[in-house]
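What follows is subunit A paired twice: with subunit B in the first complex and subunit C in the second.
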Partner chain A sequence: MKCIHCQSNTPNKLARATSKCSACLHRFAFTGLPQMDFVVQADHKGGTSQQRPPAYANHIAVTDMLFQKAIIAVGSAGKYSFTIKQLYYEFMRRLPAPATAGCGTAVGIIALMPLMLAMGVGGAGGGSAPAKVAGPPMSFDSFTHYYYNQWRRIHGEPEGLVDANPNTATPTPVLPELLNYSFDRCLIVDNADIAAMLVANRFHFENNCAVLSADGAYPAPDRRDAIMTMLGRNPDLVVAYLHDASASAFAAAATLRSAEWFGDRRIWIADIGLSPRQAWAQKLLVEHGEKSVVETRLPTDELDWLNQGYTCSLSGIRPAKLLKTAYMGLSEASKATYQDDWDSMGGFFLMGYMWSPTGYAYHDAGFSPWMGGGDTAAFDASAPDSFG
Partner chain B sequence: MHPRQTALDRLFRDAIGEQTVYYRHHPGKLLNAQHPVNLADTPRTLDERALIDYLCCAFVPGSRTMFAGVSELRPGVDWDGLGLAPTDAPLLLDSNNFDRPLDWYAKHLKELLTTVISEHLAPLAGQPIGVFLSGGLDSSLVAAFVKQLHDGDVHTISIHFGDAYANELEWSGMVAEHLGTQHHVLEITERTIHERTADVMGMLDDPIGDPLTTPNLVMFEKAASLGLRHIFNGEGGDPTFGGPKNVPMVLHQVYGGHTDELAAMYFRSFQKCFDDLDALLNPQIQRPGVHELSQLLHPYLSDDSAVMQSFLNRLMWMNVRLKGADQILAKVRDIGNATGVQAHSPLFDKRIVQAGFEVPAALKLDGRREKAVLKDAVKGLLPDAVIERPKSGMMVPVQKWFRGPLKPWAEELLLGKEACIAPYIRQEPLRAWLEYAPMTYPRHGVKIWLVLALELWLKTHGFERHAWPQLARKWWTFR
Partner chain C sequence: MSSFAQNSRVLESRQRFGAERSVVCSPDNSDSTLQALQSYLITGWVVPPFHVFSGYSRPWSYQPPSGTKLPVDDNDIRSALADAVRARLLPSYKRIGVALSGGLDSTIIAALCRAVLDRNQIMAFTLDFGPPWSDEVATAREIARHLDIPLFIVDASPDAILTNVNAATAAMISPYGDAVCVPWFLLGKAAADAGCTALFSGEGGDQVFGGWANKPMVTELALTGAPLESVYAKTFHRFLDDIPDLINPQTLRGPNDKPFDVHAWIRSCLPQERDLSLLATLRHLNFATKGGGTILPRFTDLVEAHKIDAHAPFFDTDLVAAASSMPDSTILDGATDKAILRTLVAEMTSPEIAALPKRGMGVPSTHWATGDHALGKQVRKVLGRRNKHRDQRIHQEYVDMLMSGIVDAPDAYRRRRLGERIWTLFQWEVFREVHSLSE
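So, the complex of A and B:
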């Protein structure tokens, strides 16, 4: 077993007996043995169930090196801050997928049948729904309880981890004089921890952009009120909505049209969120939750997939890629010229799909920051210095 | 101007920094000159801290210069040569003017602009005058005042970068037509950049890594070829009247950013190489700590006079003092001197800057309507469309140029055996930029330009590396 401090190898038996590196005596957080008496696994009904691992068949040999590699990968070697959820998904990517045998698989296949048929008929291109949905190898709760907490006990909190409750850590009040200012752009993110992660990585600073969570949890209420006041001063505000591929995220989009956000101002909101097709194309980890009924103008196969209760979280994407995608989406949204006719949905070309008070429009040939191949170099940005 | 080699009574520099004074301590005396190369025996040793500041800001801010041991007197400073030179001189404001309505400020500013520009024009009566016109608010309003107050021909000069790139010609054309000036449009191509950048770097006292330096040279030369001896520009409107450069710093404050980080965020706001320093610099070069970084901003952040209680005013004061004096004014002054055309930047006149600071924050910026007072002051002089158009910086297409036609040139200069930057800057990050390796925000072009400008500046200022003396030294040590 390799030590993360001195890189020397300790024989597995010795490491398991002493939990220490034989060379530098630093403690191991993991020794390749199960961290729990019972493996807690996510069941496909959204909850967790405890089951004894069948003779280590599904056992995951976690070592300190494996966990450290996940930390290094998710933060691009210390370059970016990340959330604990992003670390969880990174860790999941490094574990073997759970076996999809027995009853669950049968249900899965049956559930996917109409979807696959719909795809065959619809054929919108750009990826197809995964044939099997295995779900994550362990639940988020198991991860924090058995792995993350153990790591923190032995090696301390990973550097770059975004504060789980960022609102308490920033007591400096907003200066009243700044309320006269406004910003060019606003990014609304459907969950607070991704919004906090973007701010921790200075997305707001680099893009001249306010970042808010759709649920109102980030930033703290007084700061949020100040930002909304400032945003209210810009009649030409560019707004983009970044979200998971989930029925609830698509449903939450409608709330952004409520009076508490932009009142009766005619502000277009560019949807730069993750669509099911984009999630499939990137082979992101899919989870399964409650079935729902969401009405959007997505193609039928994607809509069906969402309504089956399948979800794909933005947290499954590393900060580096998420920052780049949000940047590209916002740049496109800023360049877009919208039709004067507010109620008409025709003619949109932006980012795959857009929404308005009347619903979604989907335009398959449009630009999508997720499908753009990540080549930001194609965007032309040079010194925005003027000569007066 | 020849250096003074005797002990001095006083050194003095103008309030905003249109002119420069460089000085160097020499046993028993203080030498001073208008250009650092004019100081006797100026050693060609690079100030490593100035190099770091340059990589962060694209100019050398504060009293440091690229020449180790040579300092620049800060604007407005009056120094007797004893002890350390003061780091800043306060701005004198009239507190009676702190709380007036918008109309009053607009009227006051209009009167001031008329006075200031008339004073600049008085000795030039009858001569043809040029105005550099970008099509933005600042240069357009200067053009409007010059046209109104001058009794000779007025020429306006605008640039673009070829049909493939977005330009502002529509706006500058509209202003020129409205004012009835003789309008000239210059095309700046990658060929111009390739041929003229070394020339412009040779003219600058300290390197400036803003890609507009070469287009500026072409504009000055055009003015000279038209027989113009004086040009006016709109430089100064942004730092004095609250342009868009402050928004990232405001966002930092609004999101609860720590005051300790303010210096780092200020350096970051230039969007150059602050976060690349570790990768970029050779390991033997010492990186400044947070405390050292803050030293540069200390005079502005610790100024607790009434007007500087405002966060916005502090930001603007930093911009006027650092970017204004060390980049904008330095650039037009040095290129102007070299081409024999005197540059006038009326918006950087002491009285206009003072008026800008007397305006309360609420009136400087009304939502996204930036420079509200300035806009109201020029109502009627310019078409409304020009006054109310959103700010858009002049974009030099370096991101595309270095990917295509200028790549071999940049590679040869930066990765070649005789690169002057080689003792300080590692090649791997440069190679990655030149290969356009993925970057979160696509800033390859500006970063390559920053280092390339530095390389050309070093080459043209006697910092060349000669392989032979180094080999000789090695051989000597070995022996």
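So, the complex of A and C:
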């Protein structure tokens, strides 16, 4: 068993007996055995009986090296901040997939293909709903309980992990004069941890862009109030909504038209969220929840899929890819010319999460009412190199 | 070594420049401290008191003037701008050139020059970086036509940059990592060749009147409330977070090898007055750091290398003082930056000209650094492993990964950031070679 500190190999039997590297004596978090030795005292459901790990753990040889590789991959070797859910999906990609089952069962797809490779093969057609799907090896709760917490106990918190709870940060007052200013752009994200991740990776700084979660959880209330005031000071604000492929996320889009957000201002919102077709094409991990009834302007097969309760989370996408796609989505939204009827569209246009240059996007397919185009180079040149 | 650096000399201050210039440059060039390198890699220039020449004192010592504390309105700014330009139009000038990028700042300078000069006394020069970066040429042409100024298009293709990069670097008294340097050299050369005795530019407009660079800082402060020095440090867009990867660890063993503390340096540049607004504080910082550190000296070095005068009226002391007394809403109003300059351009030209898309000149540094042309090959050669003269303190593995696109950074999805970083490294190596610097 290889030690992540000194790279020395310790015989498996010795490692399992001592849980320590024989060379440097650092402790192992995992020894390739089912995680039985530490689950007794940590019943995450509040019970007192021994909490057995999921059945799959009996045949998955998780080691410290495997877990560390997931951390390195999700953060691109320490260059990006990431959420614990992104680490979870990265870890899932490194575990063997369970047996596949029919699409009608309450399971999902596991993506074994690295995302960066998947990007290149995602055809413009966008794919179709998979006939066979396999469930994720474990739930997020199980991952946190059996693996992440154990890693943290032994090796500490991974560098770059984003604290998604804005209330844990030391509150700093917002400068009152900032309320006189505004942003060029605004990105609304359907969950707080992805919003926090984007800010931790300076997305806001590079794009003069406010980043908020649709549920109001990010940023902290006082800062959020100030940002909402600032948003009101730009009549030409470019707004985009980035979200999971889920019925609830598409339904939540309607709340962005409430008075709380933009009132009666005629600001178009570009929907750059993940769509079912894009999730299928990229073979992202799919989960299953409650059936629902949501109405969106998606094609019928995608709408049916959503209403069956299938979901695909943005957290399954590595930060590097997610930042790039959000940037491209905002770039396209900045260049868009909105020619459609406001009332019938409700102030939204459906762009779709773009996997440029080969990926499926709704406007590529002629589905969107949005008119525009071009590459991002022109947008990128908008900020000059200090030239008078 | 360039003729500029070979002889110790003192350059006297010129007229009413905001920055007083006093250079002592020694031929002993064996001392290039590690802090000088680190500051260059973080900011894009060598931050004083660090230096690359032994016995070299900082050429520019800029003390941003405080506001007059008197009410200032648009008319005061109009007058201050016109005065700043007129004071620099010396009677000895038979003909002057104006660098016209198509942005707000250069448009105003061109209009003010034209207001007091005949058509045959002024020429405009704009850069053509080649397609698809030629959009601004059309804007510059439209502005020149409106102002009735003859316009000259200056070739700034990769081949032209490659041909002139060594000569431009020889004209620098300190390395400047921004890719605008060779273009400035080309503009100065074109103006000199056309018989101009001075070149005017809109440099400094962003610093005085709050350009696009303020916006990310406003965004960061609103979202995170981070300390101002850490917010400001991000605006350099170089290697702020990568110094530990970029500098070879074995070079950090000397007693003087304390790391350059960029945050402490920025704090030292903050204004003494504690009651200044955010924008006033940023204006002071912009002058004390970027304005005096790189924007004005590099413009002057590269243009005056052609034996003509270089003028940046936005750095005028009185103008800066007047601008410092303006209400902040004239600097940034909602998301509209340079609000007052937009008004002035409409007045000085026409509403149609004012409505033209204006971005200033974007330099395609990523195309230069990574493109499939002779310049790109030269960049790769200079930064490659086979270059035995490269600075050994810079970690070659990091450079290799940067060049191959493996090195990732949170802003890597913006291609221009890659070009800015590669060009900074390239310019450092070229400077060392041209000025025969050792480590």
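Everything that follows uses one rule, which is that the second predicted complex is superposed on the first by the 292 of 388 C-alpha atoms of A that agree within 3 Å, B and C clash if a C-alpha of one lies under 4 Å from a C-alpha of the other, contacts with A are read in each partner's own complex, and residues count from 1 in each chain.
Quick note on the criterion: a residue touches a chain if its C-beta (ideal position, glycine included) is under 8 Å from a C-beta of that chain, and two chains touch if they have at least 3 such contacts.
On a predicted model such as this, the values are computed, not experimentally measured, just so you know.
In the superposed model, A:Thr172 makes contact with both subunit B and subunit C.
Once chain A of one complex is fitted onto chain A of the other, the partner contacts of A:Glu206 extend to both subunit B and subunit C. In the overlay built on the shared chain, the residue A:Gly156 is in contact with neither subunit B nor subunit C.
Judged by the touch definition given at the top, the superposed model places A:Gly263 against neither subunit B nor subunit C.
The interface of subunit A with subunit B overlaps its interface with subunit C at residues 172, 174-175, 177-178, 180-184, 199, 202, 204-206, 208-210, 219, 223, 226-227, 230, 233-236, 320, 323-324, 327, 377-378, 380-388. By the touch criterion stated above, subunit A contacts subunit B in their complex at residues 169-172, 174-175, 177-178, 180-184, 199, 202, 204-206, 208-210, 219, 223, 226-227, 230, 233-236, 320, 323-324, 327, 374-388.
Chain contact summary for the complex, subunit A toward subunit C: residues 76-77, 79-81, 172-175, 177-178, 180-184, 199, 201-206, 208-211, 219, 223, 226-227, 230, 233-237, 319-320, 323-324, 327-328, 377-378, 380-388.
Considering their complex, residues 99, 101, 103, 105-106, 109, 132-133, 135, 178-180, 183, 201-206, 212, 215-216, 218-225, 234, 277-279, 290, 295, 312, 314, 328-329, 332-335, 359-365, 407-416, 420 of subunit C touch subunit A. Within the complex, the subunit B residues that touch subunit A are 58, 132, 134, 136, 138-139, 142, 165, 210-212, 215-216, 233-238, 244, 246-248, 250-259, 265, 268-269, 271, 310-312, 328, 345, 347, 361-362, 364-368, 390-391, 393-400, 403, 436, 438-446, 449.
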